[in-house]
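Shared between the two complexes below is chain A, which has chain B as its partner in the first and chain C in the second.
And then the complex of A and B:
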């Protein structure tokens, strides 16, 4: 009887242990679902290849990890939503992080997953120089560098030929001469814009001019530095004497890009994401487009480029080790050089990772890579250095300066006031 | 005689001036709308290079694209549900609140009214984080009910303001007679005051409906799937990081403004009368 009791007790223990083990096993096999609000959807050029990668990842990890994309097609409202979620402490499992000074403030709390250790190891070798460092604040890397952009000068070589100009000017003195020749040939020299949320084209011109004046350390100087007024004077001249279109004040990216694609303006600035658009809507302009460094100001540097991090990958901090591993697995998948190469070749986007483009890619995209390699230095644009409201003020301030309501000195004062 | 001559001379001038002003405002109102409709039939290249020219070939495909890409029919249905329910919920709450605040006497009445209506002055963007937290805590995130409750709440101040202004102008004698006939407080509300406040209710309801129909920020903040999204989010399907499909987006906008136009056509006389009667009597 006693033996029978002991046997039953042991059997019960074994069964309960087995139950725990099986329960554990079942738990391990439970699918981890990671929600990924994304604006790489809809009409975005990366939508197709990114969706393919996620589908393949889900298929390869079927029953273990599932990435569920929440479609938020418009980037600006997307950022508003993410910021509200972060402020409310409801961080999405995965999301696209906007690497600007405002968003980097969220590094201070414990809400973001920390990738510092992983990005010090083998994984770091996949990334181009400098981008992990740029995503590291106070020694912690809480987002993974991903999409980058460079914005050299685009010029229409056919229009230059028509005006009798053989190559893109290297100094601003030569540049003004080229502008006069273009105007004499009935061509408006540059596309500009003060509209949109950030006066994109003109903001990039301003950044290029400042980079030529200040070199690699341009952004170490405060807004009170004379370089900002000096650059504003050149920007004003770009808007004067018929150097741009009449609708530039108030015009948005559609106006600025539209004039270039229509062959009305000869010089434009944008990133590689615009290649597809040019190829589709204006194949002749696309074929004639060459890239160049911005002209150097007197005494300034030639060969600098404006480049910046467009989007990083980020995730919610979690104590769940399995969820953390799943997140890391997905981010490693998305940053694999061959996967990044596929997105780049199909969308024209550029990435902070080391990859070689194939032979069949667009020649203009190849020129982007070449000019990036030739650059003496690459610095971010004005927008990335100041809070959102300063950039929003920029377009207004340019408009006021061009319409004669503000001097270049007052233009800079507008920016200083907005920055306070 | 001279006066008559002068008068007959100035009369046509006055008519010309009047019609010039009216035509100016007519053009000012309709040119952007016409331009929007015209642009919705162009290619993006035509739109960007010749924004005011007629399309070379009318692109009816933009409308097909607008419907297909953004899943407009589903979003349209969601918008109708959200706008209708939030309007009904808002009016249900605010009509009772306005009745109590305008027809009864009790301590802190004015303080309560001022506090409620002061909400009109708060920019809704300032309330994003609290609303987001509340809706998540209620388990209503990514549901149509989340949007219905939010829109009904956001519009409480404006509806109370309008309905209170309207109800307080109704003659007290009507209610007194009803009380004499044995009406309870609730009967006074739904048998006497509510039917007489029809104009005010339509005015407030139109405001709430149009707001709910056109709202974008909270629709984006409080939803994550197509199943619970509204039509304003559909319009954003045509904007991406570096490219905006303007013409398809304009086609989607033309489709989305149709219900607002229909609502206004159906109720415009009541809206105008409601606004003016409140203004004069108030």
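And then the complex of A and C:
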């Protein structure tokens, strides 16, 4: 009797412990939490629609998958933080990947989730031509192409009208004449900047000028090619004779964009993601903004555009199949054409996916799509062709050239030295 | 109890008490320091395994004009803070130590910037120095010196002095330290000097300054050490530009980390440590120690 009682007691204990264990296991399987540090928050034009999509995803997958957003409102510090985390091996579950030559070095390790097989299947049909290929290195696709951008010239048609200019110049000869007319009307022609991590506005100008000189093959030429000096001479003139603001040297994106939005400058360059900001902070400038191709250099091509991948989606590599499935489910959700269309229509951002914009989209965004369709060719910008330290040196080298400490030839030598 | 027992060194106790500190010191100082020097001898992008390349990173640094310019700028920073900020802080502290009217309010006002974020302060100075709408240029125009208006942070000649000046002006932290020292000097010293006919300036020169020497040397050491590792204000205000003219070693280190050149970044870190130690040793040996108040009273 006593032995039977002991047996029952042990059996009850084992069963109860198994119950607890199974219950715990079930609870673990119940919800997969994926942390997502993101800069698509705060003032970012995609913040609202992205947050809505994540909330909807969490609601649809309640109890199974939960995406927790860690807010990092500024892209540059975000990238620094992500780089530090990746180097330390503390890869976030999900993150926004900066698709530049420096960041693509992370493909060499085993820290990123590999989407090669998935992006060869049905999912690939949702993407526009070329972007998966551009995100594939050594045969592996370890990030998912997402936001893209083209950066035509923005100009304020009201300020142009005030200066007596009817249309945006098609050659640089016409462009300098237009600049003189703008200055005569008390308007600073262009926004420029040497600051920030990449001298963004001026880097884009330099890329446009180079694209006009070199055409679709511009980046097949090494830094020793004379096109870089020729483009530098034009860039120098953009900084001279009052063609830009006095604070352009040392100025960052806030300075460059701020002058355009305040109506102080008439010409600016940026991508469609800036539409939301323009619409919100400077509705009159937003309404007056028209887009154009960059003027052509003498003997160069007119009608080329600068276009590039802006942000990819990436995730930490994991052996946990459930976590991998959850990540894939979330990325498929974020790349669904109707979801991407919603973000695009509301923020002005453009995506590497196939989607049709509705009729009620922002008129400036429509112009982006139109100019993209009219482009003779689209080539990436300077930054996407060289490691970050070369782009960073670009801003310093522009400063040296503009301040008379370097000739255009020496400016290019700075870049060559940085690229070694 | 025998004499030998009294003088026996309690080694077990000493080791027991020192061990936790030694372990922590090793884990959080010696080991990372060794790591910095070792990684400085490698080529490493943080993804693949580091490759040992000997002293190549250090040799490259010595041949890099931007790095050498950064070292020079760090020395300018150290000297400006040590010999600009500290004398200014000492002067204000000596004035406040005489407790003029409103001295407590002034003490708080001078210290206030130290509790404000460097980011906010830098943003304010960027606005003040701005070439288009900055307060400094507007003030110069109002005073009839419009020809002096310029892009203060965008010109090679003015960018570095402009950043250093805004930092030198924030004397509050060292002023408080020096003021505490000045107020600890017994008033009887000054009363005696006054009876002997010493003027206020003589009292400060021959009583206050000699007695504050220890505090001043410490403050100078701290200020110069800060100058050598300076990063924040320059990074926020110019990011090392224009044309790298304001670059400092901290920015070079940060940039190389951002570029995934961890070997080179650690080599810069090593150089920063070695230079810092050298400067502190030279400073302590040159300026030496001082007499304390109790030594003077004896």
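A few points about this structure:
The rule we apply is simple: the second predicted complex is superposed on the first by the 391 of 420 C-alpha atoms of A that agree within 3 Å, B and C clash if a C-alpha of one lies under 4 Å from a C-alpha of the other, contacts with A are read in each partner's own complex, and residues count from 1 in each chain.
Throughout what follows, a residue touches a chain if its C-beta (ideal position, glycine included) is under 8 Å from a C-beta of that chain, and two chains touch if they have at least 3 such contacts.
Note that this is a predicted model, so its numbers are computed, not measured.
Aligning the two structures on chain A places chain B and chain C in clashing positions.
In the superposition on chain A, contact of A:403 is made with chain C only, not with chain B.
Legend: residue contacts after superposition of the two complexes on their common chain; A:387 is shown touching chain C, with no touch to chain B. In the superposition on chain A, A:395 makes contact with chain C only, not with chain B. In the superposition on chain A, A:114 makes contact with neither chain B nor chain C. In the superposed model, A:273 lies in contact with chain B only, and not with chain C.
By the touch criterion defined above, A:71 reaches chain B but does not reach chain C.
Once the two complexes are laid over each other on the shared chain, residue contacts for A:80 go to chain B and to chain C alike. Looking at the shared chain after the overlay, A:195 reaches chain C, while chain B stays out of its contact range. Comparing which residues of chain A touch chain B with which touch chain C, the overlap comprises 80, 84, 87, 259, 264. Across the complex, chain C is touched by residues 79-80, 83-84, 86-87, 102, 105-106, 108-109, 111, 194-197, 245-251, 259, 264, 387-389, 392, 395-397, 399-400, 402-403, 405-406 of chain A.
By the touch criterion given at the top, residues 45-48, 130-132, 151, 153-156, 159, 238-244, 255-262 of chain C touch chain A in their complex. Chain B contributes residues 43-45, 47-49, 69, 128-129, 132-133, 136, 216-217, 220-221, 224-226, 236-246 to its touches with chain A in the complex. Those residues of chain A lying in contact with chain B across their complex are 35, 37, 39, 42-45, 47, 70-75, 77-78, 80-81, 84-85, 87-88, 90, 253-255, 257-259, 261-262, 264, 270-271, 273-274, 277, 281-282, 310.
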